[in-house]
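After this come two complexes, each holding subunit A, first together with subunit B and then together with subunit C.
What follows is the complex of A and B.
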């Protein structure tokens, strides 16, 4: 049936909130248990794979290795979250860049482990990517010259991997935006205005910032986090806001808010440098050798990849040759045959 | 192999590229391996940029990942291959530029209204999501085989800036660029997209570009010649904009002189899209409502089950078969 576009008003489309239509809502929310499970599974798989690589390299070499567990990995990621904050201060990046980069780093480690990819480089890449996705781009050269011991390739080499791990879902909804909204809302409350000093807004904002060191953004919505941060500073006004905005859900919402508040106050601190140093020292001994440039395993893997690429090229050359001999210089049959078999070589660049 | 790499390979296997059409095409036809469904695969080379993934690719992916609407092109998948980023987009046969240029096609007023309705509806969705398109022009409005219009090419799109934050004024293809950007305004709104739609609307009626300036300066002159030089009363403060220059005094000719066949409703809507003062320009939402009301009597007929009036047919159904066929294999190159 042909479409009849004019009998439909914008207002008549199914009513879901903008947030509920976002990739964040659909793909990046978990329960605390799910998070635990994902991290444990990733960690166990990585340990098994690396152990195998060690053994292939030199039998018996994995026995004495103290691999990291999921909690230790998380601790290291947390340390590098604080590094993002430092760098953003240094570059004077807007809050959106910082918050986005931190979200990227967290999401990355729900698909990868620190034993494969060290958070230092991933952090640098996540931050650089965030400057671009939030429309605050700076040149890579400018970026790397201001970061000690960092070459452009340290950032670029991982960009694809990071973008892929994020599922190319770059848009992030942030709690600090929601906090600003609540702040504007409560200005209209009777008898509240005189209590609302800017320094108190800053205090609430600092709670939102502390929340970035925790998992709350992977569990709760930005507005729930913002409300909790606000409630840590203005418990009464926050309750008033809840009663006004969602009178039927006050009790559910209160439970959520209390939960988030307790997570922020217990976990919203930078990790102690001592504890992380110990983890990082052990990581040097147990990281995946296939990902360490120059190691035996890395070279073996690279040679493998090169061999298969060369085979592919040879095979293609033979096929093209054959097509030419068959009298079709454009290789029609070849293309069809490849199309049918589904063997499309996405790596070939001859179509540019 | 990493889980992430594996997932990428699976995505890659889902889509089959067909033979390319034309040399250097960024966009090539393809199919979904399992269903045979036609798709368009847009390949973006990444290795060539010294700053990594380039901004236009990032913008396109960022916004299309979030926007799902019948009048916005659908991004079905994204995967990488070596140094390329591949965007799998829904397949669309044609675009408004091709249709405007095809002299064998006769547009009925209802075709134009229907295209405008779909454009405004898609744009309303973008604006509701706080996204400015910033490059609306006929060849970015694609037409599906069932007649649906889809807004495409989000390579210049961005979120609305917060009040007080500057945006670049070097956006929107010149002929569709509103006067506030030509005067160098760094603070602007969704009204910039509306101006572009107004120009497209006029072009659909005229079948040639409405305001074809030859340079940025000439663009202003072209606009003022067509719509009259704005007065301070019409557009308060415009002489204070950063790049303001007086380009001459032109009288305001009635739109009716140029658009002789247009109905009063049509001219009313066009007029509202091309208001100089951006704050007074019509919004996508109000424009959608206005078009709805223009069509209201017709809708009532439809709802009562009468035969649908002629102009509610598929807007492309009057295209001769050969041209349709040709279009299916012609690909727009995105510049």
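What follows is the complex of A and C.
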């Protein structure tokens, strides 16, 4: 690097690397076991909740329903990841949009279940959100008119939910960019530049794309994934580069790379349509009725929500009334207010 | 209006009437030279703007408070302001004050014909305030440097403001005038000195401006001359090439290449001489810049490690088919927004080495943000 002015703060504080400062590192990095556990508990909780809704709706109706298990949910998500790729090809979105949308979809289903929110709609929303967060905006009309059987509301209704599930953490580090960086950096090796052909780059990029169908981005860092993809195409150059970049930990790094390689080659394929179709058919039966517009449970829940909102409103009205009677419509002295701070509901009603 | 100015030549400043079209129309209609009213010869007052012109207030509703004639009856009605700030039309002034000082028909103050001034502002109190302030500023012209400390300077300014206020609002006029007189007597020398100082400053400023103007003109002329020369030279070259192609039997491509090389040499010589001319301006600029030491700007004070030791951007660039279009973009259309391919490369390289040594998490007992679900299976934070 040319001399970038580095700010030497007190040496006692260890420097934090940029990746470790990212939300991707802080909040979206898991172990493989953790992922399994999260998906299982989420699935179990959802199944229990939906079963209860079925029972309150009509006792005994849940016995015949075959709920999805965690693996089947994952299969469905994987299918819709391939749909994102198709849509991006259709709209000619850049790589960044595609990768970001796929990451959003995966992260969303670590907080929510397929039985509540069908990935078809979530996928559309995630992609639309990704166009905006990566600064490749497209008008909503344009977006929905090019996708059959989609209204603007299908996209917008879920937008806040998706953003909220992502914790409003939209910045994503991508492996494809790291791959480009490796591609550039290995040109410093003598005699390598001649070997680097566009078709080989495309082959490596395809491995990165395949990695998006797997969980690796939730476990490993983007540079490791890119290195693995590169290593699948240029094994010798990759190991040379590895030795240069981390001379002390070549062995651990190569184990990581080998792990990722095996995951990409074994899991990095789109799911077979037959198996997914079966899952989707069953999903139609075990969808959370509370989320199906017009169903009894949906109406019940809606009424519930409305009742609680009305209660809240009434409570607020009473409070305002009281404040008016006290003389000062803006409340009493600050000193008195401080004592009551915990009791006063500052919340607006807008969030309902 | 122009005719009037020409006929008279009597105004100290040129008078421009506000309110435009109609006024000028009435003037152009009467193409015969107007009989000049004697009263107009004296009116040199009013508030001048930067170019030395007096802009006169003018309205369609003007009416002389003395004779009640208005613009409807007399389109050439011109109202002037007395020293007691009452308006009167020119004919009234002529009628009342030609025979010497006479009392104002409104307030009975004795007025002279010479003391009438054109009106600049619609509001006469503003007119008065401007006049008073101008008068005060002429005498109370001490500067910060004439005082030992800020406190006494501020006291002085306060006093000046007091006097001005009194004069504007006619409070204790006699006493205030006495104060002014006392001040004048006390500080006569200093006032004179300050007047001279200000004059000198104004003179300097003017001289400087003129010098700059001269220099600009000179430079423009030189530029024009150079351009002319260059054009001529080009024409000459063209003619030479054609001549040579006609006469000589050498290969055409070589002839053209040779003359091109010659032209390039000449143009570089010209550029060198041009920089010598510009260096004058540059010198001034650098002299101005010397006073302020240039501290390197560091936008963020943080403690991030950005993997700078792990990679190095190749200064010779890369063999990169992605950025080919940008690098070959000669007109710089793609770089319009400040896009630099080096920065994109830098980001990619940084991304390539970021967290390369990071160990993946293993097992279940690592702290992780478990999803929190409520009884309905929804994520709690995701309100429906």
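In this text, the second predicted complex is superposed on the first by the 319 of 352 C-alpha atoms of A that agree within 3 Å, B and C clash if a C-alpha of one lies under 4 Å from a C-alpha of the other, contacts with A are read in each partner's own complex, and residues count from 1 in each chain.
As a working rule, a contact is a pair of C-beta atoms (placed from the backbone, for glycine too) under 8 Å apart; a residue touches a chain by one contact, two chains touch by 3 or more.
Just so you know, these numbers come straight off a predicted model, no measurement behind them.
Enquirer: Between subunit B (first) and subunit C (second), which, if any, makes contact with A:223: first, second, both or neither?
Expert: Second partner only.
Enquirer: Touching A:34 in the superposition: subunit B (first), subunit C (second), both, neither?
Expert: A:34 sits against subunit C, while subunit B stays out of touch.
Enquirer: Would you check which partner chain A:110 touches, where first means subunit B only, second means subunit C only, and both and neither mean what they say?
Expert: Touch partner of A:110: subunit C, not subunit B.
Enquirer: Name the chain, either subunit B or subunit C, that contacts more residues of subunit A.
Expert: If we count touched residues of subunit A for both partners, the winner is C.
Enquirer: Would you check which partner chain A:21 touches, where first means subunit B only, second means subunit C only, and both and neither mean what they say?
Expert: In the superposed model, A:21 contacts both subunit B and subunit C.
Enquirer: Please indicate which partner A:66 is in contact with in the superposed arrangement: first for subunit B, second for subunit C, both, or neither.
Expert: It touches nothing on subunit B or subunit C.
Enquirer: Tell me which partner A:156 touches in the superposition: subunit B (first), subunit C (second), both or neither.
Expert: Only subunit B; A:156 stays clear of subunit C.
Enquirer: Please work out whether A:170 is in contact with subunit B alone, subunit C alone, both, or neither, and reply first, second, both or neither.
Expert: First partner only, subunit B.
Enquirer: Considering only touches as defined above, state whether A:140 meets subunit B (first), subunit C (second), both or neither.
Expert: In the superposed model, A:140 contacts subunit B only, not subunit C.
Enquirer: Using the superposition on chain A as set up above, list the residues of subunit A that contact both subunit B and subunit C.
Expert: 2, 4-7, 9, 18, 21, 42, 45, 111-112, 116, 161, 164-165, 167, 351
Enquirer: Please output the residues of subunit C touching subunit A within their complex, sorted ascending.
Expert: The contact residues of subunit C facing subunit A are 296, 298, 300-308, 310-314, 318-322, 345-364, 366, 368-371, 373, 375-379, 381-384.
Enquirer: How about subunit A: which of its residues touch subunit C in the complex?
Expert: The contact residues of subunit A facing subunit C are 1-2, 4-7, 9, 13, 15-21, 25, 27, 29-31, 33-34, 37-38, 41-42, 45-46, 48-50, 53, 110-113, 116, 161, 164-165, 167, 173-174, 177-185, 187-188, 193, 196, 198, 201, 219-224, 226-227, 245-246, 249, 252-253, 256, 259, 288, 290, 301, 305, 351.
Enquirer: Please name which positions on subunit B make contact with subunit A in the complex.
Expert: Answer in residue numbers: 2-5, 7-8, 12-13, 16-20, 24, 28, 33, 43, 45-46, 50-53, 55, 58-59, 61-63, 65-66, 68, 71, 78, 80-82, 84, 86, 113-114, 117-118, 121, 124-125, 128-129, 146-149, 158-159, 285, 288-289, 291-292, 295, 298-299, 302-303, 308, 312-314, 317.
Enquirer: Give the list of subunit A residues in touch with subunit B in this complex.
Expert: 2-10, 18, 21-23, 42, 45, 111-112, 116, 128-129, 132-133, 135, 137, 139-141, 152, 155-156, 159-161, 163-165, 167-171, 335, 339, 342, 344, 346-347, 349, 351-352
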